[in-house]
Each structure stands twice: as structure tokens, then as C-alpha cells.
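Labels for the chains are A, B, C and D, by order of writing; each one numbers its residues from 1.
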């Protein structure tokens, strides 16, 4: 088809790989689909910009009044499309609403767990108190969106919306697509792209052909081998940025073999990450350092080197642990969730075979995989690439602690303690120190198999000015045309 | 006897010779594929799962010996195609076995009485009103994907076909003069059944069975394509197509060769089924039995 | 569903034929490559794979046997026929729904999935009890039935609404796709079937027959990606994913049409051959009827009934085929919705989808029966 | 319209040859057939099945496809020539204007999808306004004797009885006022009484409209009754043609003679007029108030009347009884009840026990049944030997004795023992029927019930089977119950005739009495309808009622 760059675009189509689940953050789970829509139609107090910096959205400024209190000053004049004002009372009402639904399936409940109360002091001031000191609160609230209270009481918030953000929803068809159009009443700068279609295209091949033919202007989660095909397409800009998801294999320590640190270390040694990142990932990423935090997190780089590949050592350790004659393990991999995982898994399998570990792969649908991670039937090894809503290191680290239900078997108490201390730290430095302790504890314990950060692969129409984010959000307001 | 009927019967006899080449070609195709699959360990040049990061996505070539090329992680496509028919063939065979067993059993039961027939007929209606793939999807994601599960779920889909055919045939035969004659001649129920009814079911079943095999193979690859069949890294035609489908425009050999293997096998099975059905149509009015 | 062939009155062979419902590929049962009085060569060459399956019309016509010569006494067979069909259909849908409910209930607790990982065991237990997932399956089922009867179908866990809304929307998309596929497939099938009968060029006929045969063996998902390659990329004529414009429908509909066409072609061909072999065709010729009305009134119209029956029973397999095709072309239909709901264990959506699919299937089968019955003169008794 | 001379032939067929197949592989079917028919004349064409009768008829009607081989010779009607096959317009005009064709099976020769009105109107000139055509259609129906023509116009073929349908067919053939009528087995599928009415109608039309009629049939009885002149076809050759009476009395060709001979069936009773003093026979079968009511098929029609209604009958040992009656009168049902194949609804049936030879296997019925349909009465997957050995084994004969016994049985029905290894498909109709009889005999029955054992067979074969039955009956002193509508067979084989109508016996008397002086009017009508009068009159010792 004709090169799309010829004309200035004001309408684009973005491919999303999974269906939308809900317009209410109480129920919405997926950051890329649901999170992208919510962030476009609703406002939040703060926001992470495309460079990963925390900036204001509703809030003009925010200060910690004391260790337990944060005060946010709101921009005046923000309204919903029906004209009603988005003021401090609305913010307070929404935070209370989230607190009232602690069991909600959405990830947001996690964000307000530590919040004791939110009060509107006046129309433009919100005070949020926390149960423990929480220096990350301004970052956490970046993932909270605010509904119009009266409207919310009379509408199905899962399927309908009343926008206050740069876009409003023209059509919402969760299985098919969401069409966003610029919100004329938006109080900030009008977005460049007036109409954005977020289309559900779950088949990778279809995504690819859509990108090639120009039907789709942007696509993500593209396997590196497929990315090569797209490189030759003139209308597309392709590439990868580091994402916030470090790929790891989590151990199920209920398996006695894996409760043995030597075995965990052996597995780390037995994997030649360098070979894999160079071939399967086409050099888009480098092997991960021995930590689950990616470069997007505060606290990253506290340990400086990747786990080395040393087959001999791996064999020795296994023999030492009593598995000289081999070990049978199962690896559970989600389908279509992580870039390159399904291709890399068989390579891991053959590399581990060298060390005498017979790995059985179970590649299942994302939901099935996820379901299993919570149960006692979790596989010996589970492929993970976790990220939290707002790129808060302490939140991410919590996912690997004893309190988390995806953790099977006992991990060192010291880790939990360090994470808890980091959470409750009242200064950044104190927090970073605790994070370092936690990360080191984990690395020393061969907590997980450290693989590589997921490359945030993308292919976008070259006529679009768009800084691709490392987290999953697709915010069309950040796009402009050349 | 209508004017034409005699002629038609005669006309059909003339056709009989014509069916043989098709049957032979069909059986040969099926045999080649089955042998290739069974003898894969002997024939395959490589271990189907041997990853070779040094030669990813290399085009078909003789030196190095990758006549069908390699896939995204450097596995030899020919070896994988050879091994890849296993699941399809096993599922095809065993699920058909289940379907036929159930179908024949129910068919026999239904021939015993009206009530039984009505009950089984209703069950068949229910079975038929949910498309097999929907049921399979549901069952497999609920109960997990195990090879046995796949065999059972695909097997369940097609029993109504055999059931109807067997039931109708038995009804037709029980009322037929030669069965009555057998009873008049003093043969007991069992003898009449074994001698005059059972043998006639075989040709009808031969046709439904070939049909069932082809649909079961198709269903297995469809499920594997959707990710509910064989799990990676197993070599499996449907799964191979799914895994490499993004490469079709580029490293086309990835999806094309397993696709061709599947299509060729299905054509073979259909040719056999077709030839059989022709053959039996020809024998419909008393041709010389040959099975 | 298998129906006996109607007795045409001919004393010739009446082999009971069977059509199998959920298949796009109709079963090759005993074929009827009949002697044709007006054709030079009744058998297409051996290699041609000419045999096509049983056409003999699959309908069970009410009142067929009443050959009473006084039509005015006969009561209309319609009410009985319709009532029987509808009751049977409702029964089948109910059965399907029950089956699916039990399957779902037997496997587990959807609450687990609804809660984020942090939920404690107590929380899970509380919510489980709240939703009644801890009761025996039978009780759950009875409660479910009561809810349905009182008009409160359990809402979708994810969308919080009555699942029939989204399911019916998706059904609309799927129907658009399948109906177009049926139209294209049926037309193509009819034309091909017709050509294989009337063309005299053996080479062309054999090529067509072989084509049908091969098409029947190509899995729809494979054909789909090949079509995407051909018409989406190499010759970029049609969009390859999504929906919106009529053009979006073209490729998925073509793929699905390829599932429909071979069966139609084969059945129509056999049916045509059979019709051509019938005395009344000769009789019509003897009247000196001109070619066009002769073909239309005496050959084609008469040969259509089995094709329509086949279309009816194919609808089930089309819905199944649609799952694969929808996934290839990102078509937001019932297939995608069902797959999604199944993986999310949004059980009320799954049940609603199954009910809708089964109903659609049963309805189309019944509709096909009715159309066939309308084509059948026996039903025109009451004027 | 050209002038037709009073005695000049209207239809001329000269040297007609037809071959089928592709140009490189032609099979000649009709070889240089020539004959002609005058206006108002009926020319009969007879011959065994496959002899090329239909091909000849269809060729004359221009109904052969131009693609299926070649046709040479000249066919003309008056001064008009049968056009070249490829000249479709002229060919259509020929079919439309010159010839009318009636096919064998009326129900299949009418399009089941279209009403009588539509089918008739189609045959009428298109230029005529529709209303006018409807009127003409009604007149045509009246003309061919369809009662309540206006109503019947809207009927569909399946609502018509066979006779009515055939009348509609004739009306269609007459629609354009053809000069030649080709009737290809017009009555073979019909009941004898209906057959007669149809043939009468054709006769009447022929005389009234001056049609040249080509009457095709494999039954020389039918043709002999009606045709002025006869042509005998064998393997595509016209072996003999000429005046009917001449051919029937003095056939020149041996094949013709065989055909006629075959129609004159000889049997023990052919010559035997009743002496009136036969010794009373011990009763073998006693039937009292036997009734059979079939269950109504689900969803279909009203409850039918009893198929067999309070029938009482006594048959003596060694007796030979014929059951006659129109189609649907309950003959088969009665016979099946006698042999135990169908359970009676009520009534008593007893087979005198002391007289039978107690069979080794109590399951073996002492009354055996010979099925009408030779196609389906033998298991196609069993060889002849296997079919025969089944009842033999049931009788306890096994091992070494078996082949001998099979040979004996085959000999008994005059079949070559070499046939034992063949399968039914490899046998001719007559051979199959004989194997069926042999199988019945294998059970050593006290009596044999034969349900229209020959009605589907060629005349020649029919004669052989009848002779066989007669011989068996005499040699084995077997009781024989024969269901047939063939008068010559009745007179040849049976001592007594039972006439059935609507499930009841309306007459039960010695053959001679029934044939010469039937008491019941129905019997009389039935007898009159039975074709072959002319042949019978020429041959039978029983003077038949002249019509």
C-alpha cells in the first residue's frame, strides 16, 4: 500500500495483543490494553513520562508533610466531558472507593494498601495519610484514575466512561477494539493524533502482516526474528528499548531438589544467556544482571555483573548436590506474554540437557499459566517477567517474597525483612540501601534464574514521533506526527 | 424395477474397475506418510528438537543437509516434519477407535428398541449441537491438555456419525429378505447377526472411519495450532505451522512443509475414503464382496 | 443429523444416506455415480477422484407417505413438523447448556482467578462462599436454573453485565462472516459442481474435481495464513485483520468459504447427476422445453434440496471453523469471545456462548429443513 | 401438415443404428433396425431386457444426447426428417411437435417439484396466453380420463396414484398434438387393472386421433394383445417383424418362438380339468380369522385399515394354491404370516404337526418362503455355496456331507454346480431366483410359499422358474402357495385360486371354476385385466372369457 508517511496522520491504528477486560480499574488487569485506555481517558495525580520521570498530571506539586502524610495540590479547572469538576473531593472519593474493594481483581487495590485515608482539604488540596511511611506514594498514585462520583454511581463503570483525560472513548468493544477520539474539553494540550484505534490482534502473524501492509501503524511484543522481517519495510520504524520486565525463572522450592541452593546455582551456571541474547534476541538485549529490577527502576545497578556461563561448574554443583545422574524438571512458560520466551525455552531445554537436567516444557495460555502459579501445582520452574503498575522497586520486590502467593517454598527471611524495611524507609537513601540488601540476598541465594531484560520490541509507522516506553503503557497523547 | 435401474446397475459395474487407481494412490500416500512418521527415528537426519543457534532460519539446502531448511531456533524442519505426524496419526487412530466403538455400541443398542434409540438419538443431538472444536476448547482448557484428553475429546465428537450409520444399516438389514431368509432357514439371532448383518456394517464403517480419521487429524492439528494440542517443543504439524506462521512471507519453509505434509496426508485419506465409498456404492446392489 | 432419503417413488436403490452435522466436510458415504442417459461418459476417468458423496436429499418430510389421492382431506403437516423440530432443538440446546455447566462446575473455582495474587486463603474462601462455588454441582446447577428462569442470568464476571449482550454482538460479527462465507462458498460450490457436470472438456473437469478435493484437505488455519500472504502482502488488495469496512470481511470470508465450497460442489454434482438420470428430466426434454427453463425448472431446482440440507448441517462446523479463522484474521466474533471467555473462565459468558452457538446451529438446521420442505411440493398442500 | 395417405406409413425408421461411447471406443447397441408405422396403427416392439428397445424408442424421439456416441439411418415422420442431433433448435421442434413419449414409471417421469398444471402448461405452446393454456390443460386431463380435472391441475405427482400419473403423462405427451406416440413400457410399473385401463386409453386415443403408436414392452403378452404389428428385437437386431397374429401363431425366428413359448407356461394342471373326484386332502394348514393391522408409521397419515382382515383358509397337504389380487390387497402380508415372518394381530394359524417331518432344529420353519425380489433375497456378501449351507448346517448337515448336499440342491433347481462359488452379483436374475428356491428347499419344508417369484423376471426365465416349481411340487409332493398376477402361471401351477381384495378373501375355488366362471365381479374384472389374452387364447386349454 502507499507509504503512509506521505500524509500527516491524524488517525492511527495500534495493535494490542490481548482483549480488553474492563474500563474500571477495580477489574482491569492488563497494563498494555486496559492501562493504556485508562491512562488516556482518565486523569491521575501523577504520571511517569516516557523517560520514566515522575511528573504531575492532576497534581501541580506534592510534598510529604510528615513521614505518614503526602499533600497534593491540584491544578484547578480540570473537568469531565459533562462539565463537572474534577477536584480534590473527587480524588478522595475515588481513593476511598478503592480502599472499600480490597478484594477487587484489578491490580490497583495493591497500590492503596498502605493508604490510611485521603481527605480533600479544599477544592485543590488532597491529603493522603499512610499507615507506614511511604516515600513511593507519589509514584504509586500514578496508576490511580479518578471517576466522576455521581456518574459512577449510576453507570456500569466496566463498560462506560466519562473522560477527563486527553481522549474519550468513541466505541468500546472489548473483544475487538477501542476507538479513542481527542477530548475537546481536555484541559491540557490537545493531542496531535485525533483518533486512535486500539485494535485487538492476538495472532502474531496477523499483526505482522497488518504492519507490513500499513493497516496497522504500531505493534508491540514482536519476536526478534519477526522484527527482522519488518526492518525492510520502509514505512516502519522498528527497534527495541529496555523494558521494565526482567525475565527470570522462578523456582518452586517445594521441590526438594530446588530447595538446594547448589542446584539453583547450577541451573544459573548452565544457561548460556549470551548465546541466546545474541541469536534469538538478535542482540537487542544483554544478559541480565543478578537482579530482578530493570534499568527503569530506582535501585537498579546495585550489582554489576551477569551470572556467568560455566557448564563445568554447573555439573560439579549438581554432582555435589547428589544429582550427578540427572534431574527432571518442568518449566511452565506463558504463551504470547513475553517476547521470545517460547523460542528461548527450547534452547534453555537443550542447554540444561548438557548439564544433565531434563527439562520438560509446558507452554500454555497466559491465563492457564498464571492460574497455576498461584496454586500448589506450580511447576518446578516458572517463566516470569513481572512488573508492577508504576515501576516502584519495592512493589516489584514484594512479588518475590514469602508473603506473595506465587512464591512456593521458603525464601530467606532476610529478604522479606529488607523489602519491608525498604518500603517503610523514610528517605530515598535508606530505601536504596535496603533494596540493595534485598537484591544481594536474593542473588546470593540464587533466588531465581536470571535471564535477560525483555526487549520492548516495537514497529511503528515512521511518520510518527513517538518515544517508545519501557513499561507497557501505550499513551497516544505522547505521539505526534512529523 | 424402473427402466433405468437395471441399466444403472449395469453402468455401475463398469465403474468398479475405475476406482482402483484412486484407492491405490490414496493408500500409497497414506502409507508413505505413516511410514515416514513411524520410521522417523531411522529416517530423520537430526534430532527433531536439537537446537542449533548457529543456523537459524536457514533456507532449504543440501549442504549443510537441511532439505526443508531450519526453523527459528535452528531445528531441522525435515526431521520435525517426519516426527511431526505422530500426534496427528495417534490421535487420528485412537480417537477414531473411540468414536467407532461408541458409535457401533450405541448403534447396536439402538437397534434393540425404540426407547433406547430415542434416548441415544437425543444424546447425539446434544452432542451435535455443540461444535466439536468449542467442546474441545472448553474441555481441554478446563481439564488440561493431555494427549489422552485430546484423543477422548476428539473421539467423542464423531460417535454420532458411526452411530447413525450403524443404526440405519442394521434397521435396513434386519428388514431385508436375506436376513429373514436366514432366520427362516433356522439360524439363531446371533448367527444371523454375525453372518448377515455384521459383514455389511464393515463397508459402511470403512467409509465413515476414513472420514473420521481425516477429521480427527484435522481437529488435532487445529487444536495444536490453537495451542491446546501437543506442547512445544514437540514436533507437531499444527504446532509447527502455528510457531512459524509469522515467517510465511520470509522463511516460508517453516510453515509450508508441515502444512504440505498435513494436506498431502489428508488428501490421501480422503482419496481412500472416496474410493471406498465409490466401491461400496458399486457393491450396493450385490456386487462381489472384497473386504 | 441423519435423515432418511425420501422415497422418490423409484423402485431403484434407496440407500439411506447420512449427513453428519458438525462437519464442513460432508461425509463421503455411498456414492451415486449413476448412469446418465444423456451423457457420453458416465464415469470421469479413474484418476479424477470424481466421486462425490451422497447427495440423496437429507430431509424427513412430514406427510410424505400419505399418497392419498384426495389432497383436500389432508391436514397441514406444518404444525406437527415445526413443533417437533423446535422441541427437539430446545432439548438439544438445554442439554448442551447443562453439559457445559457441569463441565465448568466440575473443574474449579473461578474466584481464584478473579483475585490478584495477594488474596489470602480466607479471602478466597469468603468470596467462594459468597458466590456459592462451594456448593455441590447439582445445587449450583439448580440455582443457576432458577436464576435463568427468573430472568437473572448470572452476569459476566469480567464485564458485570448480562453475558448475552456481548455474546450477541459477537454473534452478529460471526454471522456476518459466516453468512458471507456461505454465500461465497455456496455460489462457488454450486458453480463448480455445475461445471463439472456440464463441461465436456475432461481436462477441465478433472482439474476442477481435483481442486475441490485438495481444497477439502487444506486446514482453514493454513489456508488463512496463505491468503493473508497472497492478498494482504504480495498483492495488497484486502486488509488482513480487524473489522470495520466490508473489505475486512473478504479474506476471512474467503477462507471460511473454502470450508463450505467443496462439500457443496460435491453434493451438488452428485445431485445433478442423479437428477439428470431421472425419467422426468427425459420427459421434460421430450416436451421440447427450451434449454434455459429446462435446466432451471427441471434440473437445477430439483437438485438443490440436498445442497440446502447440507448447508444447514454445515453451520455447526462453520461456527467451529470460524474459531480458527477469526483467530487468524482478528475478527471479533463469537469464536474469539468464546476462546477468551474459556481462558478467563468467565463461565456465564461461556454458557451464554454455548447456548447461542447451539441455538444458532439448531436454528439453521431447522431453517434448512423448512426450506427443503418448502421446496418439497408435499408442503404446498394448503394453498 | 403433409397429407397422409390412408395406408401410407407415417413413421418410417430405416436402417437405424446406434452406438455408444467415445468415438474411439464405440459399442454398437442397435443394428440397422427398420420398420414403419401407419397413422392409427400400433406397432409393438418386444425383446428381452437390454435388447435396445428403449434406445430405439428414444432415438426416434430425438432424445438421445448428441454426445453419447453416434446414430445412423433415417427416421422420418411424414415428410419431416429427424434432424441432425447437433441442430438443437430443430431437434427441439421435432420433440415438441412430432412425437409424444410415455415412460415406464409415471411417478418418476413427472417432476415431483412441479404441479400438474405447471408441467402441462410447459408442454403447451408458449405463445398461448396462460389462462388459455390452463383451459387447454384441463381439457387434456379430461381427454385422458382424469376425473375432477380442475382439482387435479393443482396436484403434485406424489398425490396421484400410478394410474392417474400415467394419464397425466399421456396428457403431456399429447399436448402438442403429436402424430407419433412412443410408449416405452407404459404399464410395467402399474397394477394389472390399472395397466388395462391405460392400454385401453392408448388404444382409444390412437383410434380417435389417428396416432401412430410405438408400443415398447418386454412382455409379449401385453404387446400381443394390443399391437397390430410386432417387431422382435434381440441384441439390437430386429429379428422378426410382421402381423401380430401371424407372429404369435407362426413365429419364424427361434428367438421369437422362445419368447412366445415362454409365455405359454406349462404345468401339471395346464391340461388337467377338474374331475371332481379327487380324494379329500389331509389339511396341512389351517388359518382362522387371521387379521393383521399395521401400526401407523409415526407422523404419517390416518390409521390404515387392516392389511389382512379375518381371513380363514385351509390348505391340504400337497395342494397347490394361487393367491391373486390387486396390489395392496394383502397377499404378501398373508403369506408372511403363514411362514411366520410377520406376527398376526389376531386369529389362529396352525400347521398340522403330525404330518410334518420333525426338523432337527425346531427353529427351522416348516413353511419356507421364496421372496419376490431376487436382488435382495440373497446376501450379496455370501457365495451361493455359503447361502445354501446355512440352512443345511442348521439342519445338522455338516462337514463332508455338505458339498454333496449343495450339489444336490443345485441340481434340483437345475443349476450348474459350478455356480456354487459365485456371488449373487455374478448371477442372472433367473439364477438368483433359483438359488433362492434352493435355499428354501434346503430346509426340507412341508410347503413352500412363493411370493410373485417370477414377476420381475424375463419371459424366458420366468418359464424356466415356473417349470421348476411345478416339477418340485410334483416330485416332492410339496404344498405350494403361489402369489402371482400372471394368469398363465395360475392355470399352469395351481389347483385352487384364492382371490383377495382389501385384505379379505372374496373368492376361493378350484382354478378351472375361477378361470371359466368367476362368481365375484371383482374376480372377473381382475381376470379381464390380465394381459396375454391373445397368447393364452391361442394356447390355453381353458377358454378364457373373450372381451
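As a working rule, contacts are C-beta pairs under 8 Å (C-beta built on N, C-alpha and C of every residue); 3 or more make two chains touch, one makes a residue touch a chain.
Here's who's who by UniProt: B, C = ABC transporter permease; D = ABC transporter ATP-binding protein.
Since we're looking at a predicted model, the values are computed, not measured.
Chains joined by the most contact pairs: B-C. If each chain is reduced to the average of its C-alpha atoms, the one that sits nearest the average of all protein C-alpha atoms is C. Separating the centre of chain C (ABC transporter permease) from that of chain D, both taken as means of CA atoms, is a distance of 45 Å.
Centre-to-centre separation of chain B (ABC transporter permease) and chain D, using mean CA positions: 46 Å. With centres taken as mean Cα positions, chain C (ABC transporter permease) sits 20 Å from chain B (ABC transporter permease).
Chain A and chain D have CA centres that are 87 Å apart. Chain D has residues 103-105, 108, 189 in contact with two or more other chains. Shown for chain B (ABC transporter permease) are the residues in touch with two or more other chains, namely 1-3, 7, 10, 141, 245, 248-249, 285. Among the residues of chain A, those in touch with two or more other chains are 203, 205, 209, 212, 365, 368. Residues of chain D that touch chain C (ABC transporter permease) in their complex: 21-22, 58, 61, 63-65, 67-69, 88, 92-97, 99-101, 103-105, 107-115, 122-123, 151, 154-161, 164, 169, 172-173, 175-176, 189, 297, 299-301. Residues of chain B (ABC transporter permease) that touch chain C (ABC transporter permease) in their complex: 1-5, 7-8, 10-12, 14-15, 17-22, 25, 122-123, 125-126, 128-134, 137-139, 141-143, 157-158, 160-161, 164-165, 168-169, 172, 204, 207-208, 211, 214-215, 218, 221-222, 225-226, 238, 241-242, 245, 248-249, 255, 259, 262-264, 266-267, 270-271, 273-275, 277-278, 280-281, 284-285.
Put simply, chain A touches chain C (ABC transporter permease) in their complex at residues 1, 13, 15, 19, 21-22, 27, 29, 102-103, 105-107, 109-110, 156, 158-159, 173-177, 199-203, 205-207, 209-210, 212-216, 365-368, 370-371, 373-375, 399, 403-406.
Residues of chain A touching chain B (ABC transporter permease) in their complex: 203-205, 208-209, 212, 223, 225-226, 228-229, 275-276, 279-280, 335, 342-343, 345-347, 349-350, 361-365, 368. By the touch rule above, chain C (ABC transporter permease) contacts chain B (ABC transporter permease) in their complex via residues 1-2, 4, 10-13, 15-16, 18, 20-23, 25, 27-35, 37, 42-43, 45-47, 49, 51, 53-54, 88-89, 91-93, 95-96, 99-100, 103-104, 106-108, 213-214, 216-219, 221-222, 225-226, 228-229, 233-234, 277-279, 316-317, 319-321, 323-324, 327, 338-339, 342-343, 350, 353-354, 357-358, 361-362.
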